[in-house]
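There are structures below to look over.
First chain A sits with chain B, and in the next complex the same chain sits with chain C.
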Partner chain A sequence: MKAKMRRSLVSGTRMAAVILVTIVFAFPLYWLFATSLKTRVQIFTLPPKFIFIPTLENYIQVVNSWFMGNLLNSFLVAAVSTVFSIAVGSLAAYGFSRHPLKGSDNILFWILSLRMLPPIAIVLPLYVLFRTLHLLDTHLALILIYSIFNISFTVWFMKGFFDEIPRDIEESAMLDGYGPLQVFYKVALPLVRPGLMATAIFCLIQTLIEFLIALILTNRIAVTATVGMAKFQVLGVEWGQITAAAAIFILPIIVFTVLVRNQLIRGMAFGGLR
Partner chain B sequence: MVEVRLKNLTVKYGEVVAVNNINLVLEDRKFTVMLGPSGCGKTSTLRSIAGLTRPASGDIYIGERLVNDLYPSERNVAMVFQSYALYPHMNIFDNLAFCLRPLKHSKGEVERKVNDVAKRLHLHEFLGRYPAELSSGQQQRVAIGRALIREPAVLLLDEPLSQLDAVLREEMKMYIKKLQEDLAITTIHVTHDQTEAQALGDKIVVMDQGAIQQTGTPQEIYNSPLNLFVAGFIGNPPMNFIPGKVYREKGELFLVNTKARIHLSSKLSKKLEEKGVVGEIILGIRPEHILLFPTAAANSIRARIVEVLPQNDEFIIHLDCTSFSLKVREDKKILGFRPQIDQEIWFALSEEKAYVFDKETTARIELSSRGD
Partner chain C sequence: MKGKVGERGFRLILYLPTLIFLILMSIFPLIFSIYISFFDYTLGQHMSFVGFGNYGSLLAGPPFWSALKITLQIAALAVTIEIFLGIFIAFLFNTQTRGVNICRMIIFIPMMLSPLVVGFLWKHMFDAIFGIINYFFGLLGGPETISWFTNVRLALLAIVIVDLWEWTPFVALLATAGLQAIPPNVMETVRLERTSLWLRFRVLYLPYLRFPLLVAVLIRSIDTLKIFDQVYVLTGGSPGESTVTLSMYVYRLGFNFFYTGKAAALSWLMALISVGLITILIRVLSQKSA
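Right after this comes the complex of A and B.
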């Protein structure tokens, strides 16, 4: 009996710990949605109200504001940058995987280092650069910058996947009469599809949530959602509207991630461990 | 159907020489087996013929064409990989059809050819399935089918049987042999398994450390090995080697090493004298050419049994003779008694079946009138 009791005690404690951690992580999300449904008065009352009558006035305000345009910008820039980065990055990753040269390791490390760049370190030079190029406040500028990070990530992540494909299969295709590009297209690429999906998902999410560079490089036209939602300040900071904007922003992302979670896990399991 | 010729072929990986300046003719319509231990250069040679590895120097002729600068796809060769290399994201029909697409056949043509090959290899039930759903043997047949469907001039096989279990391996050996005979296609098969080589090859090329040690029929390789390596590689259990010095005492020749003295028969002595063999040699004797006696007999040497391995209707007996050890293969009935570990036993060598090797060069010293 003792062993059984101990086992249920252990699993009970484990369950309690899991619930606790979940609550800690889920709380901000809950608070976000809760705040977005409160009136200005309800937001600031102490002690904080967990049960209240919800209102949609914040959402109505947000939907009628500049924010929806920002949302569009965000998704547009993220989508274009991701597609471009995947296209360029996976080709590069394939090259690194199949045709290693003497300096390959160094180049790969340099590419990785781009990913490690803290945006705050480069944001001012970038401002000057894009001002000279007359590209401030354009979608193109954001796409270019985000592509640096995305391509870097793609190359590293996809190289691992390409390395996993046994050479025999490609050699077999070569003997059958396929040129190198066809081998890439018809044999290698289909085999790394889970990796491609995982990479795309990561790139999309990373790009969407970026704040600092979008803040510095945009002004009115190309403003993204992350920057846009910080602008809800009329009578002080309008928390209700900010949280409503945030909720509108992250809801599609959450839905999307939930829908593709299988792909994501498969991709991470295959490639992330190497 | 063509012959493949290799002239002064050298393959290097960086500084490492994998294939060292070999010359070889792989005959038209024949089944040639390249045999050797891992790292001997046989796979590198095969891949050079296929065009997957670029040799450092040398010429490769397929038929009359010099193919050095041709892409693998242009050489009209097909290869069956050790891992089968099937495309996992396509079903069997597509796997087979994939090879034909670059040739731009019409859709009907492609279907006809795939069905032909599938029927010949008993794969027509599996055409809709994916490689992961097939057994090893079936996967291998698909790999073979993929190679043959293009009707290549040369068929290359890279250790195709190594992934199969013992029973399936025997089956596939016969299958491949029959297939090759039916199609009469020039075939080059790479393996490290000498029983496979003996069973399949019209001709065997034994390689070690990037060089060809010997070429010949399975019989020739077994009965007349040219050097220590070939002698020790072929045969199961391998040939026993007894190193020692040829020593003359009272007009008789002995083979002497640290602890033992083997009295060499007058016949063998005469041959050694004829050839002027003196000093250090290595005597080679196959396990099946050693006779065992429960008690001392004429010209026999004492030894101790270390291990006994029963094998079908034979025993493989491991003897310890202090300064060297022997493995003996003896028919159970002929032996007559049941060998025990630590039992004292006497052995004699069938000297007309003995081989003598030069200690320095490891080459076999040809003693006249071998009679095989």
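Right after this comes the complex of A and C.
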């Protein structure tokens, strides 16, 4: 009886601590959404208001501003780069998994290191090249450069999924007379569909949230959502609108994150840990 | 048979698109960047060869050392605290109780958000007059109008706090994976022997945590060395130039002043540091899986 009480006390304390930690991490997000729903006066009220009558004023202003165009650019660039990277990268991933080359490990190392290099080191020479090719401030330039990172990610991430397919399945398909190409797209590819979905979502998120490269490569036409938000700050736009823009931008990202929650470690730590 | 591709042809299909794209888009530009780094080159004007002149003048000037120092300070502080907090959170959340899964999901959201949005979020909260953080300090009896971004130490602290919020859950996520790898029977034996907490941690948990934490330290170090977005929004490099990180310094050299040669040289120095860390990381990762 006593032991039982002690145990429930311990688990109660632990639960309280868990909730406290969660609140600490969730509060800034709550505050972002709360601020976006306040009027100008409410934002600059002391002490700060935690409970208030929400208004959509800021959202209406953001939806009617140029920011929506930036948002569209972001999603367009992210979608095209993701589709391209998955198409190209999953081929190589399958290669590294099933048809390795001589020196595969070194090539894989090179591909992974591309993704982790400081973006500024890659974008600087490409800026000079794109400038000569008149590709600055175009969607194409962004799609190309983001695809470096996305292909690198896809190769690593998808290789893990292909590695998990039991070899017998492909071998028996071979015995049935399938050629290597058919084994790939009729047998292997359908088996890794969940992996492809997760890869796509990670590529989308990571492209959407990028800032530095877009800041350097865009100016007026291909400006992305993150660069647009930074412009708000330069133009002295108020917190209500900045937070509303941020809220519109991060809502899909939060949904995406929830969708890939079971793959988070694999995605964020390069499949190094299972 | 018709439509069948041989092994050799199939390999070409598999590898060529990726390799061609990555070589064109990365190796070629990186080599071009080394080339530029040996020239006194201001974008749009003609180039003159200076050998290692750009590297020399970078290493001789205080801005480089200042940027290196602030970047290392941010990285060291943030990564160290993240490891300890991350372990704590991993233990705390390592339970099957109902509701914990939702809490875990919530704390993992910050690391997926755009670092730029994270910067804005916190800049708003750090506001000297209307910021919620100073309000909380006031409630606790502290000073209510801390001006976070006019003092170097406070600005550094603010940047680190933002990094902690975004990335501690990542360390916790890795540590949790380590904890979950402990076989249940091992847990039981140690639990039955009434050992001290510290001994239990060292003998039971540490062997399983060592690998994920090493990976966490490496990945976080590689990431914080290139920190840009949050600092750009939070301080913009101020007060003075004191919080200009390495990435920001390259950005300014290359895209505010268009000293392309110098910027290329510095970006190469950065890339070298990263490649060093990445090599260690991949060694670690491949040893584990081998």
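Basically, the second predicted complex is superposed on the first by the 246 of 274 C-alpha atoms of A that agree within 3 Å, B and C clash if a C-alpha of one lies under 4 Å from a C-alpha of the other, contacts with A are read in each partner's own complex, and residues count from 1 in each chain.
We take it that a residue touches a chain if its C-beta (ideal position, glycine included) is under 8 Å from a C-beta of that chain, and two chains touch if they have at least 3 such contacts.
None of the values given here were measured: they were computed from a predicted structure.
When both complexes are superposed on chain A, chain B and chain C sit side by side without a clash.
In the superposition on chain A, A:Leu181 makes contact with chain C only, while chain B stays out of contact range. By the touch criterion stated above, A:Pro54 is placed in contact with neither chain B nor chain C. The three-chain arrangement built by superposing both structures on chain A places chain B and chain C 90° apart around the Cα centre of chain A, to the nearest 10. Shared-chain residue A:Pro252: touches no atom of chain B or chain C.
Residue contacts after overlaying the shared chain place A:Leu126 against chain C, while chain B stays out of touching range. Once the two structures are overlaid, the count of chain A residues touched is higher for C than for its counterpart among chain B and chain C.
Closest C-alpha contact of chain B with chain C, superposed model: 8 Å. 177, 179 are the residues of chain A that lie in the contact sets of both chain B and chain C, per the superposition on chain A.
Touching chain A in their complex are the following residues of chain B: 50-52, 71-73, 77-79, 81-89, 98-99, 101-103, 146, 150. Residues 166, 168-169, 171-179, 187, 190-191 of chain A are the ones that touch chain B when the two sit in their complex. By the touch criterion stated above, chain A contacts chain C in their complex at residues 11, 14-15, 17-19, 21-22, 25-26, 28-29, 31-32, 35, 43-44, 46-48, 88-89, 91-92, 94-95, 99, 101, 105, 107, 109, 111-114, 116-122, 124-129, 131, 144-145, 147-148, 151-152, 155, 177, 179-182, 184, 205, 208-212, 216, 226, 229-230, 233, 239, 242-243, 246, 249-250, 253-254, 256-258, 261, 264-265, 268-270, 272-274. By the touch rule above, chain C contacts chain A in their complex via residues 1, 3-7, 10-11, 13-15, 17-19, 21-22, 25-26, 29-30, 32-33, 36, 43, 89, 92-93, 95, 97, 99-100, 103, 105-117, 120-122, 124-125, 129-130, 132, 135, 165, 169-170, 173-174, 177-178, 211-212, 215-216, 219, 222, 225-226, 228-229, 232-233, 246-247, 250-251, 254-255, 260, 263-264, 267-268, 270-271, 274-275, 278-279, 281-282, 284-286, 288-289.
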